[in-house]
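Look for chain A in each of the two complexes below; its partner is chain B in the first and chain C in the second.
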Partner chain A sequence: MGNKMIVPFGSQHVALPEPVRFVFETENEIITNVEVDVGYVHRGIEKACQTKIGYKQVAYVVPRICGLCSISHNMAYIIAIEKLLEFEAPKRAKYLRVLAHELDRIHSHLFAMAHVAEAAGYENLVMYLFRDRELVMECLELLTGNRVQFDYGCIGGVNRDLTPEVEKELRKKLKKLEERLFWFRDVYLNDYTLNLRWKGVGVIPKEMAEKYNAAGPVARGSGVRTDARAEFDALPYRELGFEMVVYEDGDIWARNMVRMDELLISMRMIWNVLDGLPEGNYKENVKGMPKGEAVCRWEAPRGELFYHVRGDGKQILTRMRVKTPTFSNIPVLKELFIGANYADVPAIIISFDPCLSCTAR
Partner chain B sequence: MLKMFIESLKNLFSEPATLPGFGTEPPKGYRGLIVYNKEKCIFCTKCELVCPAGAIRFIYPEDGSRNLEYKYNPYLCIYCGECVRECPKEGALIQTDKMPEPATKEDNPNETWFEIEKLAEESKKKWQLALAKKRQEALKKAQQAKQGKKEDNQDKKN
Partner chain C sequence: MYKNFKVIETSLEKLKDDIKNFYDPSKYHFITINAIDFGNGKVNLKYFFSKYDTMEEPIAFSLDVTYEDTIPTITDIIPSAWISEAELADLFGLKIEGAQKGLFLEPDSPPAPLRRS
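Let's look at the complex of A and B:
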């Protein structure tokens, strides 16, 4: 018999920049039970979108749910609304949407990887990742006009065109970034410290990931083939060379490698967009009011994002529901902790890349 | 590990990635403050309607005329640019690449804005009433004029 102890983790914790609270019951450093509370930053955005704000304006409110995947929220919403209005965006707009979204994925994944490295105590890798993340942030700033809140997609297309000057700058910066990505991949694959710290830690077997419905890089790191981009036809992913990345190991290292390889796939898609951007309008006028019901499944950087909208032909929607990827990953996270070492907790949580402002909304 | 070590050594002698002491310049096309031009505005209030944050409010004059006063809160604005895209008159609203100065206690941005919001709502109600009154009066006058004409005609006939 060991010492039974209750250890709270969060809602403010040095290793975790997100307001989530875990209460661990431990016995000799081994976790026996865990409670989770995710509702610390509830802002009532869904309610506001159903009672106060017109459906066109909601496209600028939902990105504020999350800073890191703001464009995913924005685009999932507008695509759901476009389904209701029976409108198809022009081809150029679709390509530009992919461009912005994949750039966003790159910056989000680099951020996540940097945090995982930080939890392993690898400070200089964090600094390098953040330094090179600046390149993609600058690209996004050039393309959309802001670093974090892009407000890029709108009902009917996108808000800005890609001008030749911006394209030139983008190419220059992305080329630099791509070189660095290959270098990072090499480090992640071969570094002795990282392998030692991450291999075999926090293993999610495939059955567990399937049973608890994991999403995103967590599921793909455990060998589950799930990616909304593979099934989604509102944007031309397959045409642009999308490929699903799946690793079988299920540990922290595999989750990170999924992110790393996805960066390279995103990079390839971005080059394809820049090389093959079709001519035409980037925005068209949409008429009508949303009537009926529609859903949109969207692959955000952290996994599958789900939007459900219902309208009855008025300015204000009658229902808007958001299901975020982190929320889907909480059950598997909880299950994973039982029997794990307490010392691995920060690394495991951060390898899930949780986004609590999304989850609590 | 060797790779990291080499990279670290290289970085000892390379330029710093951050600029010491200066903020970075916003790039061309940065979305910043909204600037209003009263001369060009036609007071359609479309910008007020589409603003998701409610950062543009109009204060209505008491006499029921269309000489509205534009009020803008740079701290509430989310710089989405929707007002500029929606404005039917080109040049009435422009999005600049300037950022707002941080507000201080003296500016009292919250209280001032709450008052403006209240005033905007009240003045709109009053304005609508005044407008309705004006319309009624105009209608009455028109009717009277019509009746007068009729009477005139009848007088002439008689």
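Let's look at the complex of A and C:
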């Protein structure tokens, strides 16, 4: 028998960017059991969207669910509504949606990678990542008007066109960012300290990822071929050069490498959007009331975001459900802790890039 | 009615068997369970699945239940479903076998806030 201890972790903790509470039972610092509480920031957004707010305004409420992936919430919702109204957005709008979505992925992945580097104690890498993330934040501000909480998509298209002046600025900033991404990839692949800290830690075998239905970079880092961009007809990702990134190792290093390589794929898609942006409308009027049920599966930076909407021909929806990526990843995270060393807990949690404001809604 | 997903109707009695016969974790991703309260005492449940790496419409097992029904847990077939079941127990006040309560709501929250009646 070793030293048994119960260690509370959170809801406020230096290693946690958001409020979640774990209670670990440990024996000689090895975790033997864990309890989780994710409901600290429940705001009743679903209730508001199906009792008080008209379906067109909901598109401006759901981005408030999350600061980092607000564009994912905005677009997943409007695509679900467009499916319900049997409306297809103009091709130019679809390309601009991909542009905003992939820019959002870049800033979110850089943010996540910086936090993982911080958990490894690599502070100068954190500073580099945050400094270069500013470039993509500036691009998002140029494109959408906001640094965060972008209400870029609307039912029928997007709210702003891409002007030649903005395009020129975007190209300049993105060229600089791309050079930095190649440098970061070199660091992540070859740095001795990062490899030593992350390889073989927090390993999720493929069978476990499938059994617990992991999503996003967590699943793809364990060899599961799943990405909503390849599985749901939302936007023309394939024709813009989308490619699924999968690593087999299942550890913290693999999850980070999935994010790293996805940055380069996103960058490729962004160049293809800028080079081949079709002429035409960026927005069209949509008429009708939502009647029936529709869903949207959307690959947010953290994984699969799922919207299910039901309308009964009225302004206010009968049901608006949001299932977020972290919601899907909590069960596998909980299971992964059993048998892990307590000292690895912060790095494991951060490698999941959890978002509790999304999960609790 | 269902614009872009397939629906398989089931019942409280057949739910577990239907999901057990259908679900292969290496082929299908369990998305979530969703409930729609129609305000007449009936709640529609949908268990959503999607196929890995294939452009196919999601599939939903659909059934109607009442507030009084005891809904069987599917965690013995899909272990990750506990979080979806806990959410339904909290937000709709549904009785689901073994579902943890208080995960999504604090003790001073209004009970079952998504119920319509």
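As a working rule, the second predicted complex is superposed on the first by the 361 of 361 C-alpha atoms of A that agree within 3 Å, B and C clash if a C-alpha of one lies under 4 Å from a C-alpha of the other, contacts with A are read in each partner's own complex, and residues count from 1 in each chain.
The criterion applied here is as follows: a residue touches a chain if its C-beta (ideal position, glycine included) is under 8 Å from a C-beta of that chain, and two chains touch if they have at least 3 such contacts.
Here the structure is a predicted model, which means the values were calculated and not measured.
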item	value
Which superposed partner A:L264 touches (first chain B, second chain C, both, neither)	neither
First, second, both or neither for A:E304, with chain B first and chain C second	second
First, second, both or neither for A:D233, with chain B first and chain C second	second
Partner chain(s) touched by A:I316 [first = chain B, second = chain C, both, neither]	neither
Chain B versus chain C as contact partner of A:E138, first or second or both or neither	first
Which superposed partner A:V7 touches (first chain B, second chain C, both, neither)	neither
Partner chain in contact with A:Y128 - chain B first, chain C second, else both or neither	first
Touch count on chain A, higher of chain B and chain C	C
Common interface positions of chain A, toward chain B and toward chain C	none
Interface residues, chain B side, partner chain A - complex	1, 3-4, 7-8, 17, 26-31, 50-52, 78-82, 85
Chain A-facing residues of chain C, complex	1-5, 25-26, 29-32, 34, 36-38, 46, 48, 50-56, 58, 78-80, 82-83, 90-91, 102-106, 109, 113-114
Chain B-touching residues of chain A, taken from the complex the two chains share	53-54, 56-58, 60-61, 64, 124-125, 128, 131, 134, 138, 141-142, 144-146, 149, 151, 159-160, 165-166, 183, 186-187, 190-193
Touch list for chain A against partner chain C, complex	36-40, 42, 44, 46-47, 50, 83-84, 86, 207, 210-213, 215, 224-227, 230-233, 244, 292-295, 297, 304, 306, 308, 310, 318-319, 321, 323, 327-328, 330-332, 335, 360
